[in-house]
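Quick heads-up: structures coming right below.
Below are two complexes that have chain A in common, paired first with chain B and then with chain C.
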Partner chain A sequence: MSTLSDPPKGSFRLSMLLNDTRYRSMTLQVIAAIILVSALGYLYSNLATNLREAGLNISFGFLGSSAGYDINQTLIDYNSQSTNLRAAFVGILNTLLVAFMACITATILGVFAGVLRLSNNWLVRKLMSFYVEIFRNIPVLIWIIIIFTIMTAVMPGPREFRGDEPTASMFMDLFAFTNRGVYTPAPYFTRGFGGGEGSALNWLLALAVLVASFFGARFMTKRANVVQEATGIRPNTLWTNLAIWLLPITVFCLILGLAWDIPVLKGFNFGGGIKIGGPLIALWLALSVYTGAFIAENVRAGIQAVSQGQTEAAAALGIRPRRVMSLVVLPQALRVIIPPLISQYLNITKNSSLAIVVGYADITATLGGITLNQTGRAIECVLLLMLFYLVISLTISTAMNVYNSSMKLKER
Partner chain B sequence: MAEAAKLQVSDEIAISIQKMNKWYGTFHVLRDIDLTVHRGERIVICGPSGSGKSTLIRCINALEEHQKGSIEVDGTLLSSDLKNIDKIRSEVGMCFQHFNLFPHLTILENCTLAPIWVRKTPKKEAEEIAMHFLEKVKIPDQADKYPGQLSGGQQQRVAIARSLCMRPRIMLFDEPTSALDPEMIKEVLDTMIELAEEGMTMLCVTHEMGFARQVANRVIFMDQGQIVEQNEPEAFFNNPQSPRTQLFLSQILGH
Partner chain C sequence: MSDTHEHSVAFVRTTEIPQQTAPSSAAGPVKWMRDNLFATWPNALLTVAAFYVIYLVLSATLPWILGGLWTTSSLSECREVLQGRSAACFSVLTERWNQLLFGFKYPAELYWRPTLAFLLMFIALAPVLFFDLPRKLLIITGLFPFAAYWLIWGGTVWIPVFALVGFVAGYFVYARFVAQNFAAGFFGGIVAAAVVWYIGGFAVAALAPATPFLEAVPSRDLGGFMLNMMLGLTCVSLSIPLGIALALGRQSSMPLIKWICVIFIEFIRGVPLITLLFVASVMLSYFFPPDQTVDLFVRVVIMITLFSAAYIAEVIRGGLAALPKGQYEAADSLGLDYAQSMRLIILPQALKISIPGIVNIAVGLFKDTTLVSVISMFDMVGMIRGPILASTDWNGVYWELFGFAALLFFVVCYGISQYSQWLERRLATDHR
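Up next, the complex of A and B:
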């Protein structure tokens, strides 16, 4: 009698390629690869022939020529004389800005709503279910339009802040909420390096101070662990941590003379300060509440996936509820929460391309919109767009996967 | 041996439950439970499924709250006062049917978690204590593995060691062997017998009648939320008084 693992005895028949478990998957893969390669080859030769017949060629030269259009919300210097490449960079930064902001707020919202959906309070629980159901069951595009429409319809225009009897007033004389967006005070340094206000060096230094604080705080946590291991008693790190975070940056700001440029009404519009455009706010809010509802469900599922028995066993050992959460429940829940969280972050990034409906200048609106229409370089623009989203998405998922595998349960 | 063990029972009262009642909503799970356990006593609780055995022992360490009557453990009255609950939980260890080890921690970490965070024991010392008890349950060589890598019997012995690391004066067991394959039941029971011989006060929900005969001072039979009958093992098994007990015993001993 021969068993499965016996080597084939001489007689190899062609049918074994499909029927024998040893060859079957290999055969299927080879067939799939052949089909894929020939399909791609056909598409490419088709494209090349059509382009040649239409007298077109693929060239990225247009990126260097002047864009010729204005962008209302930019993070870097830009005017209509700038190149298409620079316009694309403005778009990339805008995409990253709104995606980054939305990821943070959606996570906060989602964690809150997800935890509160498990609350013992009936009203809170129902409210959170209502939030989740209403936001995840209506398309995000509709939410973007709704929020944008409400903002432009309800908020006062800048002109209503003018005159002796203005119908609108600034919030605490610092913030102006208008139908064009929100104007907030802008920080700058009066005694900064690099010869004056707004120099990037000052901000890099401020960032460096915060990073140093971060490592300082990490060091204190490690020290607390060591002390606890040695003596059993964990030193209270709250105050030292607060000091480590707040003191250096406060001193830094005092030395460099931090000041605020407050928005004021100049003519028909506000000047000074920072303008956060209405489209950005609408897109950011819509992406946050919409994705937050999905994250809430992930968080709830994650916490529920940790069996009641775990909490009970920890409680029976005398561990207090807060510690049960941080030592027993969360480490296990995170394993369940993180993988879907990765795809929510990817969704935010990709959904941010809906910016075009409210006129927010993200990469799809600049490179994939105006530049494409003006230059007619559709193939090149779309290729670049695809490349950009692919790179961003892969970066996010790689980073999160690394984090995930560091949290993963070893050997179940 | 059983005789020698019985001598260790002292007059000191470990657990005193009086007129205790519990409801789940409108469902009356426990009715007028009166139970006094002396230090060093070993009690086996049995009864049909749904009779409230688990609920009773879970009330003792406040995993469930009771609505009427009183529970006193080592002189501490169980109330909604967190301090009292903490105090009682630090004196009462518990083992569950499904072990409930923490799957994200190693065996050693499972055993040191509570001593470190509740007893504020230095890590080194906590690990020494943990190794001591892991040796006692005969699995010191598994200390660095994760619960998922152990057999059911080994996991339950780790769960016992984990409880012992908190140095409890009373141990509660809720069907510790009923999720185990037959060949693993013995190793867990042996561990429990050893514990009994050292004079640990034990309350054990189990249907292992051999275990009951060998180590229990008293067997309690529960049905429909009430203690129907209690007696010394010999008398309980050979001469049950109530018809419900007789029926139950004939069912579990019959086959």
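Up next, the complex of A and C:
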């Protein structure tokens, strides 16, 4: 005996492939696979034919050959005899450097502007929304060029610092703002390990001291929490924490003899100190103010997303207004703010590829620019370039997913 | 109880006292300023600081803008007239106006054609943007791409005509069969259009006159703000259908289709647009048939469209995910098949939710069209950085030019975002 829910029996007909829901998705996927494979095959055969006709081949051997061009701002040792691979690596570090710097300043700027947009002060509110609208609605490329033009056309040249009556002077005799970049004092250790060359070890040690301080301070805070839970009185941690942060690093610097290498005018240019190139500063500032405007909107939306009832409930429980912000509103707002914030960080990293416009040697300018033009290896260079950005993006979005799932509202 | 006091109090007022106006400190502009500018001490300081910032900005820019010159013919002449005074030299805008808008190679006597296309654009966009207008106007919207193509590129009229005929034929076949089966209508329409275009390819070659009515302009001669507008409009309108398809594909229960869409979207979203433009300029031609050269404009349109389609797909996926599950189940319980439920129930609601997101993407895309200047196309930024600043007359006029470019982009982008906010309010049907 058959019931209604039994599938219809009968011999298999060809039309069932399309009309029967049991087989239809299979059929469609097979069709899609055929179309995909034939499209890829078509593109590949075109590629092979074109490459054969142009006498080219796909090979990554050029990475090992000498690059033959100089890079003005490098974080690692590099000269024109270095390989293309090393040039690409310099570019990667430069990309990460500017992205990192821009992420920090954009966050500070964005949080600042976002909070001020909710201010009681009408004028400040309007000023901040003016900032946000101006920067959001004008292409970042134009901002980069404008700020770079300010750097090169408005700042004085090193020449103007010379002579008996210079037209420009150094800021506090420590910083020199020139049209070639900003020169700042460089810290170094006079009694460091390994003399002048082994300075990396000293910096690692300094970092280790700071990390130890961090854990020490955290331990103190946790202990204060435990004491508060047990006795109801919170021991004052401010001074101990300050001491934990400041004392070890001060002692460390005194022992190793920290000194500052101050930039001085030598001939036609500044020597000594650290030179932060004009392109880097322009790119950094432009990405910061541009992305800061977007982050401000995210911050504002996040704070507004916390319902008024939460603030009122906190007030009803007798929590002070300042603690309401830090204990009730911000933790909930952060849950809304952080995912778009991280995608803004991704945008900064991707927009840093516009460095090519101002001549900052990031990965797009080295691997995708000069190396590509000099070797003519367009396909290889562009593929490697995409691979790099893809790895960065996927890493960050994986981290974001982990964070999101850990921060997700635990309901029921 | 109203008469209780009559016996105990000597006098009871029987008329109302007329309402007094609020004291001047609690009403009008004074109260407003107290509430909004000087509520507390820190707030007052903030106000003063803000006023100072505004003063700094205005005192630096206003004299410069108001004292600007509009009629000199070169920067050196500007400097002569100004005699050391700091003021803008807007003459570069008046003198290079056409170059900024149309690029430096577009024939000057043909400027009326892109201008006409630009004006037609408003008529074509109006029924899409404002639902209250008569739906008949959509016919103009449908005709606009073909007319604009013909106006801007010129050449034989038969190319856009046959392209249009193909779409019309496809639509008629679709309308004829869709009642019976969506798939039959959809694929039948595609086949019909393809047949018309294939025949049209031969017909155009036969029909094309030696000297066309509108002189042909090669697309490497396009430039200026026109190029930004064209890229923005074309890529946004092409990427919306593609984005919908990708979003639906990503939601699909068929693993193969789902994974194709996921990989495509994540790949495109993971790389910067500039690398995709590199692909368009140096790599894409390797993937076309050997004997064919595809225009750089078309290659760039392809890459930007793919780029924005991936982002739009993510926005629409958000809209699809935001719909309550009941909507999907209701569509299923009504016995609608997949195509019908998507077309009639799901997409209209999901797209409505996604409108702000899509507009954001569109604004971002329009701003990103300036990146084509990196691959040496002469869009607005490319024109400024290239031919104009490189010319001996105007070498050094940075602020006026970039300020103008910034202003133009600001006006367009701000306008679009204001429209989107209006639309959001307009479409809000939920009760709040």
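Please note the rule applied: the second predicted complex is superposed on the first by the 363 of 412 C-alpha atoms of A that agree within 3 Å, B and C clash if a C-alpha of one lies under 4 Å from a C-alpha of the other, contacts with A are read in each partner's own complex, and residues count from 1 in each chain.
Just so we're on the same page, contacts are C-beta pairs under 8 Å (C-beta built on N, C-alpha and C of every residue); 3 or more make two chains touch, one makes a residue touch a chain.
Predicted model only: the values in this text are computed from it and were never measured.
Engineer: With both complexes overlaid on chain A, does A:Tyr131 touch chain B (first), chain C (second), both or neither?
Structural biologist: neither
Engineer: So which one touches more of the residues on chain A, chain B or chain C?
Structural biologist: C
Engineer: Identify the partner contact of A:Gly232: answer first if only chain B is touched, second if only chain C is, both if each is, neither if none is.
Structural biologist: So A:Gly232 only meets chain B here.
Engineer: Taking the complex as given, what residues does chain A use to touch chain C?
Structural biologist: 18, 25, 28-29, 32-33, 36, 43, 46-47, 49-51, 53, 119-124, 127, 133-134, 136-142, 145-146, 149, 153, 350-351, 353-354, 356-357, 364, 368, 372, 378-379, 382, 385-386, 389-390, 392-394
Engineer: Can you name the residues of chain B that touch chain A in the complex?
Structural biologist: It is residues 61, 63, 86, 89-90, 92-94, 96, 98, 100-104, 113-114, 116-126, 145-146, 148-149, 159, 162-163, 166 of chain B that touch chain A.
Engineer: Help me check something: in the complex, which residues belonging to chain A touch chain B?
Structural biologist: That would be residues 228-234, 307, 309-310, 312-320, 323, 327-328, 331-332, 335, 409-412 of chain A.
Engineer: With touch defined as at the start, can you tell me which chain C residues reach chain A in the complex?
Structural biologist: Touching chain A from chain C are residues 35-37, 39, 43, 46-47, 50-51, 53-54, 183, 253-257, 260, 266-267, 269-275, 278-279, 282-283, 285-290, 363, 367-368, 370-371, 373-374, 381, 385, 396, 398-399, 402, 405-406, 409-410, 413-414, 417.
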